[in-house]
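As written, the chains take the letters A, B, C and D, and residue 1 is the first residue of each chain.
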Amino acid sequence: MGVDVKFFASMRDIIGDDCEIDAEILKAKSIKNVDDIWNYCAAGKERPANVLIAVNMDYVDAETLVKEGDEVAFFPPVTGG
Amino acid sequence: MKILIDSEPFDPWKVLDEYQKDKADLAGQYGATTVFVGTMRDFNEGDDVSEMFLEHYPGMTERHLENICLQATGEYQLLDSLVVHRVGTIKPNEPIVLVAVWTAHRKQAFEACREIMEDLKSKAPFWKKEQLNDAQDRWVEKNTRGY
Amino acid sequence: MKILIDSEPFDPWKVLDEYQKDKADLAGQYGATTVFVGTMRDFNEGDDVSEMFLEHYPGMTERHLENICLQATGEYQLLDSLVVHRVGTIKPNEPIVLVAVWTAHRKQAFEACREIMEDLKSKAPFWKKEQLNDAQDRWVEKNTRGY
Amino acid sequence: MGVDVKFFASMRDIIGDDCEIDAEILKAKSIKNVDDIWNYCAAGKERPANVLIAVNMDYVDAETLVKEGDEVAFFPPVTGG
């Protein structure tokens, strides 16, 4: 059980498909918060200023801590309705 | 209260007719119903749009729409609320979203319906990609302000 | 634009369905539709109400509803508007009034629909007389504020 | 052709049915404005402060002049919608 990382809409076009970080990598790479998750999955790409972040489907900021079993999502401003 | 994410075209007036028929317990209680329907236009920002794709984040979408309706229910004493939102491929003139609220008085109905729409537009994880007639498709960058 | 004074019960969703079907020329142009339906409740000011009589001033009513819609059309760039208002004897849970507007954007739709309702409530010559369950009938003295 | 005077809702309960003022009476009684009309038709009853007045279906005040062929209406605050 690691961390599920999802990208939606234009963020997926930029970064790529979903990214699964298993427990060993979390430990080995000292991945502690959302910002660390981005850096691991986005392979050096800068995080856009307007990106929205959800952990377990609640909005959070980039300093939020993550733990095994969490679902983390990155996406652009929403445009529904 | 009902939240529905719909991948098929829906007829807002038929949906309302059927939903309200099942609400016999509310008969005589509500004096005000306010409804908003958002429909796909065939133009946006100066360009002709032939088709649209609406992506969403399954699970998070329903969760946030429910929270939005629950909050409005408390703030505006809603007797009932209904939100239907399309996803997938949408053609011009097809409804995208329906928001309806039932209250005793009109002030709350107008304000709650508008606030649910604004919250939906700023918080519910949906994303529009437009297919233009003479160009590549493009993600819509942001929603226009509603106040 | 359509104004209808109706002495028979009407179904707002059916009325909207039929009205919009005839508006093929507007397809793809409107992105926002806001609808208000006022429905008779079975209580008012603490009393049970069994029935209501709605009187109006024929001619003046239509004239002022038309003026109200024309003014909103200019102020909010309405693509279309529809007002239906009951008169005569009305039972609880029957719709009294329907106001619907069609616009390109939602801001105008919300504001125009609400303003038409407020103007109707303060200017259109209708008067309600309530039949109470346990007392004589009474004229409603004034409308509550909507803002 | 005189002046048609109408009362609606609770105003009709108080004052009575429609009142027709013919041209001769207009002249004989020097009926010039809405206030004169009220005094003639309401037979001495005071005009309520919140009464609304329409001449030819437009809202007016009590000083508005009336002429032959006009339709004058008195009614309480409206309560539609």
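The rule is short, and it goes like this: contacts are C-beta pairs under 8 Å (C-beta built on N, C-alpha and C of every residue); 3 or more make two chains touch, one makes a residue touch a chain.
Quantities reported herein were computed from a predicted structural model and do not represent experimental measurements.
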Message: Going by the touch criterion stated earlier, list every chain that contacts chain B and also contacts chain C.
response: none
Statement: Averaging C-alpha coordinates per chain, one finds the centres of chain B and chain D separated by a number of Å equal to 49
Task: Determine the centre-to-centre distance between chain A and chain B, using the mean Cα coordinates as centres, and give it in whole Å.
output: 28
- line: Separation of the C-alpha centres, chain A versus chain D, in whole Å, is 74
- prompt: Out of chain A, which residues touch more than one other chain, so two or more?
  reply: 81
- request: Please list all residues of chain B that touch 2 or more other chains.
  value: 38, 106, 117
Task: Name the graph shape formed by the protein chains and their touching pairs; answer line, ring, star, complete or other.
output: line
- request: Report the complete set of touching chain pairs.
  value: A-B, B-C, C-D
- prompt: If you look only at chain D, which of its residues touch chain C in the complex?
  reply: 6, 8-10, 13, 52, 54, 57, 59, 73, 75-81
Contacting residues of chain C [partner chain D, same complex]: 38, 54-57, 59-60, 63-64, 85, 96-97, 117, 120-129, 139-143
Statement: Per the touch rule above, chain B residues touching chain C in the complex are 11-14, 16-17, 20, 27-43, 92-93, 104-107, 109-110, 113-114, 117, 144-147
